[in-house]
Structures are given as structure tokens and as C-alpha cells.
Amino acid sequence: MCGLFGISNHPEASRMAYFGLYAQQHRGQESAGIAAHDETGIHAHTGMGLVPDVFDEAALNRLTGSAAIGHVRYSTTGSSALRNAQPLVVHIRGLNLALAHNGNLTNAAALRRELEEQGSIFQTNSDSETFVHLIAHGMKSAASLEEAIRAACARVQGAYSLVILAEGRLIAIRDPHGFHPLALGRAEKSWVVASETCALDLLEAEYIRDIDPGEMLIISGDNLNSQKLDGAGSVPIRQCIFELVYFARPDSRIFGEEVYTCRKNMGLELAKEAPSEAQLTMPFPDSGIYAAIGYSQGTGIPYEHALIRNHYVGRTFIQPSQGMRSFGVRVKLNPVRSVISGRHICVIDDSVVRGTTMRTRVGKLREHGAKIVDARISCPPVRFPCFYGVNFSTAEELTAARHPLSELPRLLNLDSLCYLSIEGLLRTVKEPDHYCLACFNGSYPTPVPSCSGCKACGQA
Amino acid sequence: MCGLFGISNHPEASRMAYFGLYAQQHRGQESAGIAAHDETGIHAHTGMGLVPDVFDEAALNRLTGSAAIGHVRYSTTGSSALRNAQPLVVHIRGLNLALAHNGNLTNAAALRRELEEQGSIFQTNSDSETFVHLIAHGMKSAASLEEAIRAACARVQGAYSLVILAEGRLIAIRDPHGFHPLALGRAEKSWVVASETCALDLLEAEYIRDIDPGEMLIISGDNLNSQKLDGAGSVPIRQCIFELVYFARPDSRIFGEEVYTCRKNMGLELAKEAPSEAQLTMPFPDSGIYAAIGYSQGTGIPYEHALIRNHYVGRTFIQPSQGMRSFGVRVKLNPVRSVISGRHICVIDDSVVRGTTMRTRVGKLREHGAKIVDARISCPPVRFPCFYGVNFSTAEELTAARHPLSELPRLLNLDSLCYLSIEGLLRTVKEPDHYCLACFNGSYPTPVPSCSGCKACGQA
Amino acid sequence: MCGLFGISNHPEASRMAYFGLYAQQHRGQESAGIAAHDETGIHAHTGMGLVPDVFDEAALNRLTGSAAIGHVRYSTTGSSALRNAQPLVVHIRGLNLALAHNGNLTNAAALRRELEEQGSIFQTNSDSETFVHLIAHGMKSAASLEEAIRAACARVQGAYSLVILAEGRLIAIRDPHGFHPLALGRAEKSWVVASETCALDLLEAEYIRDIDPGEMLIISGDNLNSQKLDGAGSVPIRQCIFELVYFARPDSRIFGEEVYTCRKNMGLELAKEAPSEAQLTMPFPDSGIYAAIGYSQGTGIPYEHALIRNHYVGRTFIQPSQGMRSFGVRVKLNPVRSVISGRHICVIDDSVVRGTTMRTRVGKLREHGAKIVDARISCPPVRFPCFYGVNFSTAEELTAARHPLSELPRLLNLDSLCYLSIEGLLRTVKEPDHYCLACFNGSYPTPVPSCSGCKACGQA
Amino acid sequence: MCGLFGISNHPEASRMAYFGLYAQQHRGQESAGIAAHDETGIHAHTGMGLVPDVFDEAALNRLTGSAAIGHVRYSTTGSSALRNAQPLVVHIRGLNLALAHNGNLTNAAALRRELEEQGSIFQTNSDSETFVHLIAHGMKSAASLEEAIRAACARVQGAYSLVILAEGRLIAIRDPHGFHPLALGRAEKSWVVASETCALDLLEAEYIRDIDPGEMLIISGDNLNSQKLDGAGSVPIRQCIFELVYFARPDSRIFGEEVYTCRKNMGLELAKEAPSEAQLTMPFPDSGIYAAIGYSQGTGIPYEHALIRNHYVGRTFIQPSQGMRSFGVRVKLNPVRSVISGRHICVIDDSVVRGTTMRTRVGKLREHGAKIVDARISCPPVRFPCFYGVNFSTAEELTAARHPLSELPRLLNLDSLCYLSIEGLLRTVKEPDHYCLACFNGSYPTPVPSCSGCKACGQA
């Protein structure tokens, strides 16, 4: 997953982009970048790590100009990761263009082979670079940059929210399926686009509307020009339900839904589908807070916050001593013994991300004296890989799902385990037909790459 | 406030100290330090910043030996702050001694003048150094190190939990009033002492008991020898109630109380003393979670978690743009509009730390559409400075308290404001007579420095 | 100017490349990079700054494989400098290729326009990228990679020494004019190529021979295959004489010449052409040591080393106080008053790099009491810009040269100033017809870009 | 060895101190520190490493005030090295005092025991701290700070140049033997003191005179007050001849001698005492330049500079490959084969610092084809440890000297080896009776510690 930001017509555009990315840091911690446009062209700065690690005052001050786009990228591995940091900045026949992409294309490999046959050289491993080569080749025949961009979009399949900076214009695009969110806001004289509205809140920008699935919005200074991509309106809308379940910040509004309310409603649905006799219910860990509140209100089981987070846990640690077992779990979260000991507990999580982690944490509850431990998960089991941009910690996730559900409680050291049903999940959204459920039911909205044991799909 | 740790008889004593401090990072973020004892003497490493910033593998590996003590120090100001980092390590007549101190002495200035008259040179501004000079002078006549330490303790007044490393022994001391906590634990063959039990949990050490007020516990290898300080048992026990209200981690057990339960009970008492007609209650911010859960259960008002924290907020920022008002508040916490808008809300906090921050946050709720905002505070108003080690953000705190309570709602932009009463607060603890309440009622357990407009007391 | 290195058939190829670049750090301090080839493809690491700043053990350890190339780049400016760091690594139709380039092309702009018309996207500002696009396009019709490379070389004009890594082979190329040096060496079972032999010395590799002008040497494991580029043997050899005068390390052997001996001979020639009545002669500063030794031996004037260098001068300074004049000169070099005072001095430099610096330093000698100051320069005046890779600190250099020589002594505060003649310079080399003298006489071996006031040529 | 600096009456005193230390970096690379005095007291900043690594603009800007002292410290080992960084800053009865020390005391251990008996606590291992404790105890009875300082000096034995900052005054002291240098200079309205005059040159301060042996100079604003220490004039002057031989910068003037001229004269004396039949003479390495010039002029043997230094060698390296022998020597210095091959060479060094290094370098010359290698050393063999502040790389140095001189050529792979005689060395100075020659002849000017196998003297 990644986060996008764009702004036009602002005297400190790159500074605004910095904060727009800062608010969306949860969408990607591997790398960050900003490109800004001034009269001398487009200047960019990218780096590995969190937004405040990548940018200092000096770096921002070099990014002058009144329009800017930014990108945060989700953690992957590989030594060439810096090359994959976005925005990509290229020179196409004297034209300066910067592009940032959220999502994954499903026909990138084929397009790349075709472009390389024509002499194109790829600098990165990322499918995002496909766009700029398609645009460059399109410019040979297209009447305008917009036309070349539209032609490029017509060639690709899969998920793409895009922000593009070129010729002083800011262009925001959402693919016809609308897989990932992109919102439009207004801050005084500036137009702002962002993957999530929490970025608009931080900048005190007013939320105007979402970019529509299949829309290309061209922002030039103060003016908006909306165009439709090929396929807009004719292909079904397939928004990523996992954005609502897990990925987006609870204070954001995406796909016309309030994320907080949606998650609380998942808890309420779960309360109906899978009640418990527990004496207390608790989020497990913090990401389950909103569903746990709903579950508590739906079942009447008292809510407790009995897993205490160490707020100072950072990314680098000294290695623990030999004898310190399950240290990685304990250092982040410590259960409150007096609340747990001797009780029947129902823990709420939004997904079983890692079976091993869940198992270790449940063991910790039992060591602290928990008598019975039920688990309720606020989404259905994830059974299929995602080709559209969600990095499930795949192996574990699917491993857990590939076991018969009936075996999972024993594997996870639980007394009971229930997942929310697909139907229950869809009851929490206004437009149940507009979502991609492929990770739950394998029904992919686009052709997907045939699988040959790649790491991405976990079917090795 | 500061945090202490000590361990004996462990092959990786300094590594254990690292994690013992890590778990207590909330007690001090300015500096950290560890001293370890091996056959060549005592070696120490201290630095500014968080524990993981101060220590790397190389630094820890140099701190060999089977006994170690550690210290984290609360943020203060001043360019010579590194000199004030602890443990202090000194050489007294061929004897190596390391000492770490939590608390504040009330007669430090007078003792320092006296020691300087005798030719002693102070390296730091901190009152903790007084101990080592008193011990050094005491060694001229004392029969043993223990006797010199006991004599030093007999000279000082105020709050002091101490861990000392000397001659291969680990010594843990709590002043006769018992102002600050200090716990004893057992990890396999090692004895462990720590300000809070959350450090024992992280090390999988078993909690044994508290160090008693007025106790000096001498740990030599596997043996424990407990002695009484002058005044032990004869002066009244006066434990810092603010440790329970605010300072300690909710998963710790101090003064014989479970902090989580205590704070939840404060919320239950507050529900009795100051109910509200609100449609929802929420912590404001996260530190109020436990009292808010109690308040919700006591009043039946639904609990919501409607202030979303940006988990990536660190310490260094790019400056926001000129036009970004109240940025400092927004960047950390964003209210969820859909939960708040049009509602009557009751926010719960553990103290009114900064009037200005409370006011700004309440304003933010109103901007997001809150109709009525009540506030309930889970402790009484703080009216008097603390001389025993709690750094109230003094001016604001007392400013708020110095206004008539009746004016505060207007000043803070609230519809109503209620504090928990002293009596209510004391109902949440088992031994109500054993607490220092000086910050609420001005009744100091020891003589305090006469005030001449110093920054410490805010009475300028 | 830049420095190149390549090695094949070595178990620690990238580590050898590190040291091969280290020895050639004088050829470029802006950025450094290494690309290595193992069975999974080509992996590269590049960064801004000196070789030891760019690489640590971890970075080197990721560059596994038995063949590697490296590059150091001369200091230029521009925020996108990191993108210009080499080796360039690209994917051409499933083929991984890394390339590093020393020199400047004179028809790069025209080729770039042509390639962009065909849809190629350039990632850097550097003319080196032209090669990879030409190769990529060549691959559409070429029978092999070698053929595509030869076709690319046939299209470009100007100076290029190249090292290329592809398909496990190491390819070393020197343009038909042979502008810049490239040497072949042997270290046990490995073949080594480097811009200068000082790199071979550090690795204890034996110098075998130079790569010939117009030669493409293909090294595959232990085998050498030598091919001729178009133009090899038919265009005149034009080696850069400034490599001998200034750029190369004095312990290197390039173009069949020992650099140390060459420079000393320049001093001997200068002694014949322009003797002096001085009481002592001294290098001014250290780069003039070798010519000064020759001048002293030729004239009999005693040699002194009377300008003392501060060996700890690094790149970052605190700003000096307001009143500290000519600080930048003094902090690096301090004249020895007792040697200089009251004396007639003859200073020797290899070029008048900056008139202002020379003037300031001479002033410093006069402040220290020098009575008469003659200067002798061991090369002719530089009057024309270089288009082949030598960055003269152009403006000053040419400014000095554009004044009548008769005015320069006054401008530089000298009593006399003599340059070595072109004829004298050529007497120090074995093959006087094989050198490019364009910077002295404007006779360029290739068509050069028509000048429109660009920074590169200084003719604004 | 260490370097001192002091300045009074300057608006940017600490900035001047920065550059004063910068110019004296060769006197100590382990740590650096500056203390400055303003109306709020004395503020100091110290750190490990080179001056530019220790200070940045922010650190300097905090050191406000018109008087400052600074210190650079020679490399030693030990984890507590930061504590030993100077200036020491202490509080003595409300008085702020900063002190920096160059030299070593010979009765420090006894004084320390005595002071500890009286209750003093030492923070460092360094003998310099003895001064501040003596001053603190002296203040009990002394009429003034000056009197307490004079009393402290009367108690200590050994070498001490001191700069002290207290009560707004700058105090400069040289012990009665005058072991180490200390110069007084004038920069506009400021008085400046520095170990070496090269620091005055950098600041464009005029050299006024040396601080005399046994002088205490009290500088208060613009006024100078000179006092005599006990013993001044009655104990013999014993200046460290090694400062002239090796330690001081060649552009400095110390002990009334020009260091450059002195060293060149050592070469001239060596030419008389130990001529050679060599075809060329060369410094081996750069530190021998001045003696080599003298030797060349005295013998008529041509001077060459045939060992080329890599100017980019820093302190951190990647580990070389397994097969890279004698890498440490080669990476710094590379001989020029064409100059050396087949020749009879005479190398000049100022001391045989490490037998192993000399041997390796000579081997390198032979590998490059040198036929005969003579060595001439511009000082006598070092046979006795120094107790006054010179860190000989003791073991090697004395090992070499303990072998019969007749065996050394074989051990060092030389054809001949000659040292300058003590008499010859003394002919290069104006006052031959005023020098300490203990390292050559064992005649110590003060009682020295009885030796019990300590590392310092190498007699284990």
C-alpha cells in the first residue's frame, strides 16, 4: 500500500506536501518523496524511511514552486529500494513530468516486455514505471499530454490511483474500478488531493468530494477540468474493502464511508453473529479498538483496555538476552494481570495477521491467568492473495486460512474463534456491490497473472 | 521524575538493565545511563535521549559484569544536561561507587554550601551529587560503606529512592516517607529492583515485594540483608499519589495498588461525584483511557475512542506553514468528526496539564461540531508546587488552579468542568493515610525551601 | 574528471573495487559507486561523497559476485547529483547491464534529442546515459551485446573511457582518440582495469599494458578478447596532456609515461626556459612539488618546503569571525616566516587555477616579509575550454589567460611570471604528436558544440 | 601531548578558540573542548574526536562571552575517555573555574591519595584533576584565587602548562622547568595564549613573547599581571627537545627557536655526522621533509619526494581482503617505482617510531627495486620513557633502542642506519643547557614514579 498527496496554487506547496504525507505515514513507511514544480522545472527529493527522516528544512527549501506531489511507500525489501522511491521524475522530449502511484498493475510484466522490445530502459523494478514509458511512447502520436496519459491508462489493467505533475498542472486519476481512495479538498486558494481525508484535516483543508472511479481531474492553478478514462462507468466499481477493515486511519472518510463508524459497525455485526459469554472484551491490540467498542456495545460485555503499549518502542533494538523468550511480543505490549487473572475474556482483532503472533499473545494472557480466551475477528478469513496493492503478510495469513477453520482455535491456543461473515461485513457499508472481495472469495475483478510460485501470492 | 533499575548476579547484567530502563522510559526521556561492575571496577555509559538512542551493542558490550544499575531522567533544560545524567560514578579512596537517584531533596542547597566549605567540588547541578559527597566525607569516620551511606541518608531531607553499586554489592534504598516506589523481583538466580513492576514483567522477573519506606536492602550475590534507616517507622509514610494518578504505567503495581484498577476506580468515583448528561464519553487524550472506562461503566454513558493519535509523531518537525494554526495539537490528535458532530460529549482527563492545550483541543471538538462539552478530571486541582520530584508544567497548572474554579469552564471553553475530590481520590486506595497530598492541600511532609521566586515552584 | 575500476574473477570483487576507487579518490570526490555481478544479476550501490563515506561493510557485503566495476565522480553541483552517480545500472530486454564512464561526449545533446523522439526517457542529466539508450536501441537489430556496444560507440563523438559489466563479462573501452587513460593489470587469477596504475599498486596487481585507443577489451572469466572500434587507428591519438600536468597521481604511469618523472622534467624544462635569481624555490602549494624539485635541480636554487599544510583540514567548517580576512587560504596553508622573510623567492605551481587564490597566497608571502616573488608555472596558459572532461575552474582560469600575459604579474602581485611553453611541455613526453593541446591552442580533435554562453565553456 | 588556547576581551571568544584549537589539532586528536565565560558563569562543551567533529555552529553559539579557553587531547584509550576531556569545569564555593592542562605530573598519585583521604571525590583518571582539588582545598585558607593557584602549583611536580578561566580572568601558567611551550599573542584588543604560534598565525594575532618558565600571567580584560611561581628561576629550565624534533608544527616558533630551521639544521648536522653514498635522499615519510632538505643541502645528494601520500586516507576503513598483505602501509603511502628502481637511496626520518612500520616500508622500497637503502634519523635513539607528557609508541620505540644499534639495520632491513648524536642535536638550538634530554640519557629533571611494570614506561 502507498499514500498519495498533491497540491496546487500554494506558496509553500512542498511544505504542505510534507504534512500531507506525514498524516498518511501509516500508508507506507519504507520511503517517502516529494516533487515540486517551479519556473525552472520539477525538483524532487526522495529517501528511505519515515517522512521526518527523509526531509529536513534544507531539503524542503530546495523544493520551491506552487505545485507539488508526494508519495509514501509501504515497506518491502531489496537493496535497490531507493530507486523504487517515488515520485518518479522523468524528462520526456523536453517535458518534465513527476508521477506517484498507489496500487498494483496486473499486466505490468507483459507491458514491460513490449516496451523493452521497443528500446525502452527500465530503471526500477516497480510497475509504476510502466506508466511513464507508455506516456513517453504515446507522446509520439498524441495531440497532448492529457491524451498520452489517457492512452497509457487504456493500456494498463489493475489498481492505480495516480497524482501527476507536468507543465505546471496537477493531475489526479483513479482507475475505473476505483480500487484505492483519492479525495479532493480545498485549502483557501489551493486544491488538494490525498489518499485519505486525514491529510486534509491536518492541513485544515475542506473535504470536497472523492475523485470518481475512472476520473482524470486536471487542476491548473485554480481551475478544475474533469475527464473520463476509457472504461469509466462501464466496468464495475470494485473498491478495496480492506482499506475500511484495516488500512485507512479511523478518522478518515473514504469510499463515502466514515472509517471509524464502519469499524464500530463491524463490531456490532460481530456481536450479532458471534456473541460470547466473556466477562470482559478488549482490543487485541490497539487496531481492534473500534470493533471492540462496537462489540462491547452490541453484547453488553464490559470493555477494558488491558494490553498496555510501550509508547517508546522504535525500530531498532539491542538483541535481548538468550533467556528472554517471546521478547518481541512483550516489549511492545504488556497485559494487565489484575484485569485478566481468573477471567473469561473475549479479544477483538481486525484480522489474524500472523498466526504466530496471535498465538504468542494469547499465551501471554494465559500466563497472566486468563481462564477462557475467545477471539472475534472483524473481517472474514483471508484466503486469496491480493494483486491490487495490499501486502498481506502473506504466508502466515493464508496458512492460517488454509487450515480448516475448526482447527484454528487449537493452533492459536484459543477457546473459540469466530470471523465476521462476508454478508456481515457488507452490512456495514452503504454500497455493498461496489467492493472488491477477492481476498475473501477469489473473485478477481481483472485478469490476474498466472501464478508460478512467486512470493506475492503465497501459493508456492 | 526518574526511573531506577538494578540487578545482581546475572551474566548479562547491563543488557538486562537496558531492557529494565526501556520498560520505564515513560519515567524519563532526557537522558539514560547504566553502570556495571566487573572485576576491573565500575564502568558506565550515559547519554542524552531515549534508551535506544543512548546505547548500541558496542556500548552495552563494554559494560561487562554481573551487577548493574540504570537510570532514566526526566526532561529538563540546560546545556550541561549531560553532566547531570546518572548513574553518577565516583572514586572514594580506592572504592568505586555508582549511584542513581529518583526524587528531590529539600535541604540540598544547605548541604552543598556546607560541603563546599570543606573543599568538595561539585560537578553537576543536581541534588543527587550531595549523596556521594556526604558518603565520601562519611568514609573518614565510618566503619563501613553501609554505615557511611546510612549516615548520609540521616543528613538529607526529602524524597529519595536510590540504587547503589559498590564493592560488588547492589544496594536499594527508599526514604523513610517512601515518596517514590521501588520494587524487588526475582529472575531465576538474579535479584532485580525497579521503580515499577512493568520492568519486572518485561524481564519475566517475578514480583517479590516493595522495598519498604526507610529500608536499605543490601544485595550481595544471592543474599539479601535488610537494614532500617534512621527515621524508618517513626516518620509518617507519605507516598506520592500522583504516581497513581498519572505517572506510573497502568500495567504496574506500586504502593500495593494495581495502577490500572486504581485509575478505573477514579473514573467510577468521578461517575458518582460528577455525572453528566452526555451522549458519549471519551478519553482526552489517551492517558485518560482507564478513568474514562470507569466513568463509562459508572454512568452508563457509551465509551468512544474518538481522538485519533498519529502513531508516527516523533520529536523533530519541519516548521509548519505560516497559516497553519494550532498545528501542534492537530498533528498529534485528530477528532473523528462523524462521532462528535452534533453530540453532547463528556471528556475525561487525568489532570489539566496545560490550560492552553485543553482549551485548544476543546476548540477542535467544537469545530468538528460538538454541541456540548463537559470535562471530568480524575484528580483534584493541583494548587501547590511539588518539592519531591514531580515536574508539573508548573506555571500553567497552577495558573489554572489559581483562578476560581467557577471561572475555569469559561477559560477552557467548556460547558462544565468537575474535578475528583480528595476524598474520592482516597477512596480508590487501600491505605488513604499513607499518601502525600501536598500538591492538592499544601501540607508538606518535610520542611521545604523558602521560596524566592525560583522557577521550581512557580510562585514568582 | 572521473575514475574507473573493473575486476573479474575475484571472490571479493566489490571489496577490491572499493580499494581500487579509494586509490583513485583524487579523480572524483562528488560521488562513488560500485556494481557487482552474481548469479542473481547485477547489484549496485552509489552515494554522494568520498568512497569511505558511501560504503560500509554492510553495503559491500550485499554486492556479492566475482566481477565488479566502480566509479568516482568529480565534484559538480545540482540537487539531482545522486541520480548522476555511476555506475548506471539498466535492464535491457532481460539483460542486466552496468556502465561507468570517464570523459565527455561532444554530440550528446543531439543524440539525446533523437533518442527522446523515439520514446526514450532519460533519468539523468549526464551524457553517459546516452550510451545505454544507444545500446538498448541497438539491441533491436544487433546480433550480440558487443555489436550493440560497438554500434553505440560509432554514434558518439568525444572522450570516453568505459567499463561495462554484462552477462558476467567485464568490458573495457577507450575511445579512438584515447583521451583518458585506462590500464590493464593482473592480480593472481583476476584481470583488473583502472584509470590509473596507482590503483593496481594498492591491490598489488601487476601492470600489464594500457587499453589502446580505440580498443574494446572483453574479459570473460580468465579470457581476454580484444576488438577494434570504428575509427581505431584511423583517427589521430589525442591524449589529454592535463592528466600528466595536474590530474593523475604522481605515482601513476599513464600514456606510457611516469607521471612523477614527467612533472620533474617540466620543472627542468622550466629551468632552462625561465631561470630566476631567487635565493630559494618552493612548491606553491604541494601539487607543485615535483616540478619544483626539477626546477631546483635545473637552476641550482635551493629547494624549501616553506608552505605548511594543516593536515586536519576537512570539508566542513565553522564560519570564521567577521574580522578574519583571507581565512580560507590561511587555514589550509601557513608560510614559514623565518624561511621567507627578507628573501627573493621563486614559487612553482602546475597551473594558475584561480587568480584570486594565487594573489592571496602571494600577498601572504609578502606579509611574511618576502622581498621579491617570482612565479614559474609548469604548463602553458590555459586559453580554451575543455569539452572532453576536464573541469577547469573555468572562469578564473580563462580570465587570467584573457588578460595580456604582461599584465598578469601586476594582477597577481608578482615580480615576474613565466609559463612553460608548449614546446617545452612536449619535450617531457615520448610521443609529442599523441596529445590533445586544445586547452592551450584551441585545436579541438572533434567537432565541439557551438557555444551559447553555457557555463561549461566560460565564453558567456 | 595536548594543545592549549586562551583568549580574553574578544566578542567571539569561543569562535576564536575553535580556530586556535583547529590550528593545533596535531597536538591532540582524541578529544577537544572549549569553556567560555559570560555574565551567567562558565559554559563548556567537550567531545571525542577532531575539533570540527566536536563543535558545530549551535554548540559554539551557546558558548557566549568575551573570554574562553580550549584544549585538544592526544589519543589514549579507555571507555571513560570523554570524562577526561578538558577543560575541566568546577564550582568551588560559588566560584566557577575552568582549567586545561598540557603535561604530566610525576607526583599525582600521591597527591590524589592525600586528597581522597580528606573526602575529595575524583571524577576522572587524569592527573589534571589534581589541580582543581588542590585549588579547592587551598581556598579554605588562601586570601585569593591567585594565592590558591600558586599554592597548588607549589605542591605538584612535573610538567604543566595551564590555562585557567575564573572570575572573568584568563590565567596562563608554565611550570618552573618550562617543559612545554606556551606563547602570548595580541589580536587587536585581545590577548591570546597558545601552545604554539601557528595558532596565533591563523588568528592573525601578533606573537609577543613566550610565557616564561615559572610564570603565572593573569590577564584581566586588557591588563597583564605577571607573577612568579615558587621555584621560578631557581630550578633549571628543562624544555622538551622532542617538541622541536617531532611534535610542534614546522611553522611554529617555540622555546625561542624556529621549528622549521631547527629541523633543517638537524639534517645539516646529520649530513656532517653521517654522510651517505646514495644517489638520492627522500623524507620517509612526510615528517622527515625538513631534515631531508637539510641533509640534501649538506651532502649534495639530490632530494626527491618519492613516497606519495593518499590525501584522502581517513580513520575508518573497510577491512581489506584476506590476500592483501601490508595493506595498512600501502594505503597511505605508495613509492614511485621509476624514481627508486635500481638506485641507492638514503631515507630520512625524525624518529624510528615503530620498528615494524619502518621495516615494512623499507621492504616496499626493495620490492620497487631499490638497490641499497640507508636510513638517517634526525634525533638520537630514544632509550628512556617520558613522564612529562610525550606518548612514545613506547614498546616498539624502546624495543628498537634496546637492541644493540649494530643489530638494528638487519632488523629493519636496512643497509645502514645512523642516528644524530645528542651533541649534534644540541648544536641546532641556541640554549643547549635548557632542554630535557631524559628520553635519550635517562637524566630526569624531577623525581619520577618508581616503575612497577606499568604500560607507560614499557619496562614490564
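Each chain carries a letter (A, B, C and D) given by its place in the written order, and its residues are counted from 1.
To be clear about the criterion, a residue touches a chain if its C-beta (ideal position, glycine included) is under 8 Å from a C-beta of that chain, and two chains touch if they have at least 3 such contacts.
If you're wondering where the values come from, they're calculated on a predicted model, not measured in any experiment.
S.K.: If every chain is reduced to the average of its C-alpha atoms, which one ends up farthest from chain B?
M.R.: It is C whose centre lies farthest from that of chain B.
S.K.: Provide the C-alpha centroid distance between chain A and chain C, rounded to the nearest whole angstrom.
M.R.: Centre-to-centre distance between chain A and chain C: 48 Å.
S.K.: Centroid of chain A to centroid of chain D, CA atoms only: how many Å?
M.R.: So the centroids are 61 Å from each other.
S.K.: From the mean C-alpha coordinate of chain A to that of chain B, what's the distance rounded to whole Å?
M.R.: 38
S.K.: Which chain B residues touch at least two other chains?
M.R.: none
S.K.: Could you run through all the chain pairs that touch each other?
M.R.: A-B, A-C, B-D, C-D
S.K.: Going by the contact rule set out above, which residues of chain B touch chain A in the complex?
M.R.: That would be residues 12, 15-16, 18-19, 22-23, 25-26, 29, 50-52, 55-57, 60, 188, 198, 201-204, 249-251, 253, 258, 260-261, 289-290, 293, 296-297, 302-306, 308, 310-312, 314, 316-325, 330-331, 334-339 of chain B.
S.K.: So in the complex, which bits of chain C are touching chain A?
M.R.: Those residues of chain C that touch chain A are 43-45, 62, 79-80, 90-94, 116-123, 132-133, 136-137, 139-140.
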